[in-house]
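First chain written, first letter: the chains are A, B, C and D, and each begins at residue 1.
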Amino acid sequence: MSSKFRHVALIGKYQAQGSRSALEDIARFLIEQGCDIALEKDTAQNTGITAHSILDVAQIGKQCDLGLVVGGDGTMLGIGRQLAQFGVPLVGINQGRLGFITDIAFDDYQTTLTPMLHGNYQEDPRWMMQAEVVRGGQSVFHATAMNDVVVNRGASAGMVELRVEIDGRFVANQRADGLIIASPTGSTAYALSAGGPLIHPSIGGWVLAPIAPHTLSNRPIVLSDKGEIAIEIVAGRDPSVNFDMQTFASLRHGDRIIVRRSAHQVRFLHPVGWSYFDTLRKKLHWNEGVA
Amino acid sequence: MSSKFRHVALIGKYQAQGSRSALEDIARFLIEQGCDIALEKDTAQNTGITAHSILDVAQIGKQCDLGLVVGGDGTMLGIGRQLAQFGVPLVGINQGRLGFITDIAFDDYQTTLTPMLHGNYQEDPRWMMQAEVVRGGQSVFHATAMNDVVVNRGASAGMVELRVEIDGRFVANQRADGLIIASPTGSTAYALSAGGPLIHPSIGGWVLAPIAPHTLSNRPIVLSDKGEIAIEIVAGRDPSVNFDMQTFASLRHGDRIIVRRSAHQVRFLHPVGWSYFDTLRKKLHWNEGVA
Amino acid sequence: MSSKFRHVALIGKYQAQGSRSALEDIARFLIEQGCDIALEKDTAQNTGITAHSILDVAQIGKQCDLGLVVGGDGTMLGIGRQLAQFGVPLVGINQGRLGFITDIAFDDYQTTLTPMLHGNYQEDPRWMMQAEVVRGGQSVFHATAMNDVVVNRGASAGMVELRVEIDGRFVANQRADGLIIASPTGSTAYALSAGGPLIHPSIGGWVLAPIAPHTLSNRPIVLSDKGEIAIEIVAGRDPSVNFDMQTFASLRHGDRIIVRRSAHQVRFLHPVGWSYFDTLRKKLHWNEGVA
Amino acid sequence: MSSKFRHVALIGKYQAQGSRSALEDIARFLIEQGCDIALEKDTAQNTGITAHSILDVAQIGKQCDLGLVVGGDGTMLGIGRQLAQFGVPLVGINQGRLGFITDIAFDDYQTTLTPMLHGNYQEDPRWMMQAEVVRGGQSVFHATAMNDVVVNRGASAGMVELRVEIDGRFVANQRADGLIIASPTGSTAYALSAGGPLIHPSIGGWVLAPIAPHTLSNRPIVLSDKGEIAIEIVAGRDPSVNFDMQTFASLRHGDRIIVRRSAHQVRFLHPVGWSYFDTLRKKLHWNEGVA
């Protein structure tokens, strides 16, 4: 029986040791399973593999029905952000320490992928954030984020003061090192270091976690992802904003960062039996006790 | 024009100084607005007011179309828990410091109530938790909670060890002083003291916040309220469980506390323009800054 | 050359699998090193070893110049508390996972102990807390603690309210689940779970860490160990107090728990090169990075 | 009877509304008490007061036996840092909201100062930190800090990785937004926002508080102020270091920030009956309860 997915794109940006042979190995396996193979453009360039058709991300979005990412969570999030609008699902194979979303070990990939290619998988959709910077009523920057939107103070410049609104309603004026708006996906990343809660991906909300807030009762707050969050720069020198590490540095007082839920979800696929909580326990080194 | 609400129940359990005259004052006002008045049974007993018809909570649920609570958040939560199944909405008038949900000052009540009685109000529905204790497959206790379900260690008895599952999936084994499962309503109460986040009432989720967890990475986690949470007592002397302060003390190892979303919502009514965030800022003493 | 320590007491309370043979092995080794051996009374009883002279703790305190503990941190703290007044130093050999203070692996003990017996060791003195419960001006209970003194609320009984004073000066009225007064030694135990800092043993201070405090700005505070701390029970049902897990349960309103630095230090000995920070990194699973 | 302090310097940098007349008022009062008055140079310049002798800080250090600061904690810390080496004690008069160390309200100053000038006061000495940046074995920058030394990541540049040593011993490799080394005086400032404990001024220690640490068990740690702390920049783009807000921006990998206790203490004077804890309760809005 042939694969449910006919046209599979292979993506693996980094020139990690062994990356080329791993990709070639996986390509051979997929062809045996009856898939057509395309190589993502940068992946091809970085690894020097030329045996397959080469597509850029937009072409993958239009032509492929599965993306197979070889790498870590960062690679997966980067490509996921770009492919979300096309609805192409993604599977992650990890050659190192397993990630939150790249959960298939390279050593096991054949056993794990076989049933998935035949349609036995769990889908794990994640909402993205659509964000923009508005200055004097004009949008001057926009970006998509899977993990978080982070407003930062300047490097050595005291606190930043931010005015937070949701759907036009005043929430709070916060003085802090910064403010993180994280998705459930991002709740296990930077927001966790800042004292934010873990948020299960099924929750339709974002967490706003202040970084080193001046007021001790300024605690993380979980807000609905149906609303529009606005962060206005009230005071502070040289503030900047990151969208999943992509930076817009030249913020001015009065600028507003607007965050909404994107129209698109990223579709991660996991093997049947995959559990978000198993991953959490492993990544956070929880003691699994007597179970 | 007459009130949208014809039959209004007056509830005000505590024999606070001035409570009787406040209730009589409000009753007079409601009658002027064209309402029929009933007095909740315990309220009548405690205040000695006999001028109106007296109903118990179940009768209020069946006969009244509004409950008017004079008291604090505790009184409001107590009566809300009982009236939820009848769908009777509640308004809270507070003679002291305003609460999270009892947001109308006694001094202003006429001005504030008049438009509300004529249908101009905001509805603020809150989900409740339906919980039970299961022993050997049998339900041995059940209760409803608006704020939280709390599993506790015994008084001077080391930690408790709890096994947490959601929808039959293993989440974690936790060693701690206890574990709080809080609704968005309860997220501003005990769970906040234990390090949990604030959760907006529009979020369909609960927060699980461990109390003094042995493992430092055992952080609060927000889970969907569509799932079924099970907490199993694994180890620890004399554990107990509270449902909004109602206690079931005689827990044994192997007992499971099951928490689901109740079929009913409590319906709080607020004046038009009421804002959850205004209340939050006031109650948590956030600095409202230059706004 | 013979051992610097002539008369060594062997202590190993628990009847752990292999405990007897470990103790016999160590005894043989110490005799070869020229030491006289005594066995602590309960240790002798629990293991059935009869080959050596048997002493109770007070006799060990008067007659021995070294205590050699085979067990974990709990055993070491228990015997340390009793031997402190006699100034007998202690060495800890651990058959399982190394502890904060029991840092010699059984597998290595001969190599590690040999130089220590000849006087090459690091001394690691730790102050103890002397605590008492005062009721109506009378001392009704007293105890010594190496880790912490913990005032607790009753099992399912809301918060406790405590009045904290130092040297007769009012510090704070705290409403919380409880309050931990921890020594530097105890700062890695319960106080850490409650949000307290790590405190290096060279610091002459205790940390007061509230458990789930009602007021969010009630943060842990480090106070000098030269002062006298008083905790008065103001309100709350069935409060109790633990001294290193030893419980005094029948506290009443108005009771005062008084904590002072004991006159005695426990003297732990470590091999030369031992580092508090190495232990901390290992026990807290800090990533040691590229160093 | 005349003042114990003969030569008093008046310091009040900011050109706050009413600052001039406040200083003139205080000057008059001090002259009546038999003091000789000098005006700090910048204060004279900013206020335009010319009626008294004018001294720079070094001259004040050599000639005056009391500094009287009119302003907030920031002004007091700034001048304290400069006068510490001369041993001149300081008193703080505050025209606005009282600070942690500027605790005399302008409205009360005559009543409060009179006994202090006659020798009835409490002395509150605070240790300062002496810090330097060492590059390739050479000291390239040095500064004194009363509150904290803060190593920061660059503005929008991921985490910084720092290697912490004390007295040449490896403590930890930390990946975080930054690391705060705070004195007891600084423990109520930035370090508190980052999760650090309060530290009583009598404690001979600093707290190391990581800002948003990657490893959740990287908790604040209190270390002795007798040791030498070294922070080495291991990785991270554009790190910088602040000494009480004075910035050294051009840090390179391999640079070491060395922190030792300064040879000098700042000497703050308070009225008899002043209490550190009273200030703490007021500033942190602790509920003072039934006391």
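The rule is short, and it goes like this: a contact is a pair of C-beta atoms (placed from the backbone, for glycine too) under 8 Å apart; a residue touches a chain by one contact, two chains touch by 3 or more.
Nothing here was measured: the structure is a model prediction, and the numbers come from that model.
Its C-alpha atoms fitted onto chain C, chain A is found rotated by 180°, rounded in steps of 5. Compared on C-beta pairs in contact, B-D and A-D come out with A-D as the pair having more.
Per-chain CA centroids place chain B at a distance of 46 Å from chain D. Taking the mean of the C-alpha atoms as each chain's centre, chain A and chain B sit 36 Å apart.
Each chain gets one centre point, the mean of its Cα atoms, and the points for chain A and chain D are 43 Å apart. Contacts with at least two other chains are made by residues 192, 214, 216-217, 219, 284-285 of chain A.
Only residues 216-217, 219, 285 of chain C touch chain A when the two sit together in their complex.
Residues 152-156, 158, 176-177, 190, 192-195, 211-214, 216, 238, 240, 242, 245, 247, 249, 284 of chain B are the ones that touch chain C when the two sit in their complex.
Those residues of chain A lying in contact with chain B across their complex are 161, 163, 166, 169-173, 175, 192, 196-200, 202-205, 207, 214-215, 217-224, 226-227, 234-235, 275, 277-278, 280-281, 284-291.
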